[in-house]
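Some structures to go through are shown next.
What follows is chain A paired twice: with chain B in the first complex and chain C in the second.
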Partner chain A sequence: MRPIKQNVISTAVIATVGLPFVVLMIWSFSNRWFYPELWPRQWGFRAWDYVFGTAGFQIMAALVQSVLVAVVTALISVAIGIPAGRALGLYEFKGKDLISVILTLPVIVPPLCVAMGLHLWFIKLGVASTFLGVVLVHLTFCLPYSVFVLWGVFSNYNPDYEGQARSLGVSSWKVIVRVMLPLTFPGIVVAALFSFLLSWSQYLSTLIIGGGRVTTLPILLFALMGSGDRPVAAAVSIVFVAPAFVALAFSARYLGGKSIAGIR
Partner chain B sequence: MNPEPSKASTILTGTDARTRESTSLSTTGVLVAPALLVVVVLFGGGLVLGLIQSLAHFPAADPDRLTFEHFANVLSDPDFLRSLTLTLYVSTTSTAIAAVLSIMLALVLISLSVKYRFVHFIFQIPLTVPHLVIAVAVVFMLSPTGFFSRLALKFGLIDSSASFPLLINDRRGIGIILAYVWKEIPFITLMILSVLRNTGVELLEVGRTLKAGPWQRFRYITLPTISPSLGAACLIVFAYTFGAFEIPFLLGQTYPMMLPVWAYKNYSDVDLLARPEGIATGIIIAGVIIVAIVLSQTLIQAARRRGAVS
Partner chain C sequence: MGDLILKNLTIHYGGEPVVNDFNLEVRNGEMVSLLGPSGAGKTTVLKAVAGLIKPSKGEIFIDGQPVNNLAAEKRSAVMVFQKTLLFPFLNVEQNIAFGLRMQGHKDADARRRIEQILQLTELTGLGRRKVHQLSGGQQQRVSLARALVLKPAVLLLDEPLSNLDANLRQQMRELIQDIQAETRITTLFVTHDQAEALMISHRVCLLLNGRLRQTGKPRELFYLPADPEVARFFGGCNFIQGRVKDGVFRSEFANVPAPQANGNGHLRTATIRPEDILLSPDANYGLHGKIAKTNFEGSATRIWVNCRENRFVVLTSDNDYTPGQKVRIHLPPDKIRIFPCETESV
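Moving on, here comes the complex of A and B:
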């Protein structure tokens, strides 16, 4: 391809990907911006002051709630996902295709269907409208996803090192902590990050199971969109999208960005 | 379990032997069981409980008898048919547009010179962006007082916000489709790229020696090579757009609604009689999607047998 054509195409891709974020940025830094002005009449930090100052308590509470839910979900996903990923990545056994289908379904069947079904059961168990209930419903789709990432991680893992450690008389527990975990660490972090991200982006399942009691950032953002304060909604959107960029940069660094294909 | 066939397949496929290591079924069982248990109990349980609730009499007149009443109510509701038609149209259109653009993007990306390698990173950004964020951004860009409306007015294309075409909360679902296309292109493109990177250029060179034009080379060499992966990716995207909630909730019109929004509206209705119908609609959505996934898995497996996908 000619360099000029490559230039045009690269610019087009960057513009298409970047435009939504540019628009959100402009809106979040506009104090006064009336239709039909193309640029804000007055730039400023009103929205950001509101997010971290005036309404700081409410928004910070939602931010903390979101982080807690996502971190706990990611930790459980990875803890349960590592053994499963190891078995699927290292060994050949019957039923692997079936397991693959069973794990694919929760990633793609919308949380709506599952959350509506679980709600009544969760009410009876007393976990509806609680932190635990929301983590459990998030786990339904975060866990399969982290298993898929770890499956990939362990297919590139050489267990011979473990044999060498064991032949030197190291206990099994130490083999896991000193050999397996360090060798697979970047992959594990990516699995955790994407599990975090999936949970972080959840709206409807949190709303149904949390019943409005567990207020995460997306729940707050929907309320803000209803209120019509665009600069504030834009600022919260930017806070909401930030972890996505961290996760992407990290995966690009450690996995060449390969494993993000399944993230929704 | 018999290790011999797997060894044979190792030789045939040339896969690294250590990934094909054999171990006792009980060891792998113990390792996989917790994950499978959680998924089967929470996901399977959620679907089964949903199915039971949508088949139960309500209010519980006779809890032991099942009824298809709620499903019948849903299926005979003219609103359901309108929602279903709209949802099928939006999902199919966004999948088709995303597929065409992804093919073009993948073919361009594969031939970009090393200097432009950063584009390979940039184009993946939408993958990790929450749907809600792109939906909010689309509102800011395409609403009658949004960025594009201001731009159109500035360039004299329209004379007031009222003459800007309705692009969100509209009858044709344009805002929804655009948001989905933006979000799903990287996924389909990555699936196509993984095939293109593995196939090499030999076939295309043979085509060139045989004096096949660019279109012929695409139509008879590239397209057949990528089609299993492309098909699988499209089915996944279709399934996703068919059942997702955030984008249609924010960008959709009030009537008829997209199916997932309609399901949730019924589920959360103050009239508790509508609740089982909301769940029944959810089960119908899940049913359509599960059929699509099983189809896409079959396609991927067929592709794998042909050695097109690693």
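Moving on, here comes the complex of A and C:
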């Protein structure tokens, strides 16, 4: 029974997730491929040549920019998410329901509205078209997720661990580093990864707030798509997906078997 | 090594007083049980001693020093929680070394102490194991070792045996007893299990509804309960009422000499343990009774006997009785305990 079930699942996963990548790969290795034909008329490395050669510097710069923005966003969203998640997960206080509604707002409201609305404010504050501005607007989308993930983590967290550590001679500040962070680490990694990937794939908000000054990979990708050169766009897409894919695979392997809450 | 003194301890939790005006002295090297039903405030007292809860009133002295304003990590009292709470990201040895490392002990010294404690808690050879590879009993011993290795003045144990099955619990009880006898560590042991408290401790302290009801040697609490509630907690369920006249407690069931009882004609309550009541199918005794119910409990049978207005519970090893049977019962006067205080009703 089980092997069949597993086969069905893995086939479904490969068909839905893998197939588009195959098409993408074929595109990136084709020089000429016209509509009704099943295979490219001419194979070649023109697109990859463009990605690593002609536009190599531009793409590398965008890649670095994207990584920087995503890493900084992920770090900040976890740094805010941990205390917030702890408060929401462990303590009872008034307005807890209201907070969860407010937290979902940036997820519900279309990103265009959020970015447009914030743009005016960011111009006034002088952070429009800056790295900081882009990180801040990404945070509005990442924070809800990171807070929700860590809220769940801390709902399963037993604060008696900290009492036990205090009794064993750890000061209240050291307890955070010695006990709380190690216990919740898998959950923190998940929250950070969520934020990283969300920030990584932001296009609209980066475009509006960054104003073309902060060129992340999606910005470059859309520009290339617009130019109509499908093979090049496909190659850049693969470059775009690769780091996120590596991050995901790494964390899946690392977190494998451990519960997300990291406790019990 | 040291003693522990709690003076007029009152602790509020969410506005409600959980512990009220609590006094206790645990002498150096003594093992005292804090006994009470769940929700009586036992763990709260323990947490206050450990420094994890701030009492609203009263003082705590460890080793003669007032510790009310001392942070938990600076107190020489280590608490072992009910759940083992071993750190899953550390192995057995690292878990035990946790407190030592935090106190900055040197490697060689720490290693020697860990080896010693592993031996004492019968964990030798398990040092490199991961926490989740241990059985429940082993985990509990690691948790105990982790506290013992710090050689605190006072060890606070919060129902360390409640998560273990019956056989293991008995073994662990003996282990804790042995370790305590060997290390002579002052121990405050919290439990809701009266048998455990009676067996393991030098003195027992009964806490009901946040108030101290009686402190004394296990035998004293068992045989000389201070009031009906204490008696009831230890399984006493037979109460009779009578009046004291001329140094004798007179009731319809028995007359008991009570030379120390003062006051003439006052209503008093007395109790007798179910295993002390004598039961006979023949006309040996003076009181007539009728069996209402029997319950076989293994080593003994519990029998409910209706006698006049009272219903007595009798524990006997004899299990030939059937409901409805007419019997005679006898309440030996020397087994009857008359409560010192005056009671209007039970």
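What we mean here is this: the second predicted complex is superposed on the first by the 214 of 264 C-alpha atoms of A that agree within 3 Å, B and C clash if a C-alpha of one lies under 4 Å from a C-alpha of the other, contacts with A are read in each partner's own complex, and residues count from 1 in each chain.
Note that in this section contacts are C-beta pairs under 8 Å (C-beta built on N, C-alpha and C of every residue); 3 or more make two chains touch, one makes a residue touch a chain.
Source: prediction; values computed, not measured.
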First (chain B), second (chain C), both or neither touched by A:N31: neither
More chain A residues in contact [chain B versus chain C]: B
Which superposed partner A:S129 touches (first chain B, second chain C, both, neither): neither
First, second, both or neither for A:D160, with chain B first and chain C second: both
Which of chain B and chain C A:P182 touches, first, second, both or neither: second
Chain B versus chain C as contact partner of A:G169, first or second or both or neither: second
Partner chain(s) touched by A:V109 [first = chain B, second = chain C, both, neither]: first
Common interface positions of chain A, toward chain B and toward chain C: 158, 160, 263
Chain C contact footprint on chain A (complex, rising order): 158, 160-161, 163-172, 174, 178-179, 182-183, 185, 262-263
Chain C residues within the chain A interface of the complex: 47, 50-52, 71-75, 77-79, 81, 83, 85, 87-89, 98-99, 102-103, 146-147, 150, 156
Chain B-facing residues of chain A, complex: 1, 3, 6, 9-10, 13-14, 16-17, 19-21, 23-24, 27, 35-38, 80-81, 83-84, 86-94, 97, 99-106, 108-110, 112-118, 120-121, 136-137, 139-141, 143-144, 147, 155, 158-160, 197, 200-201, 203-204, 208, 218, 221-222, 225, 230, 233-234, 237, 240-241, 244-245, 247-248, 252, 257, 260-261, 263-264
Sites on chain B touched by chain A in the complex: 1, 3, 6, 18-23, 25, 27-28, 30-32, 34-36, 38-40, 42-43, 45-51, 53, 105, 108, 111-113, 115-116, 119-134, 136-141, 145, 147, 149-151, 153-154, 161, 182, 187, 190-191, 236, 239-240, 243-246, 250, 260, 263-264, 267, 278-279, 282-283, 285-286, 289-290, 293-294, 297, 301
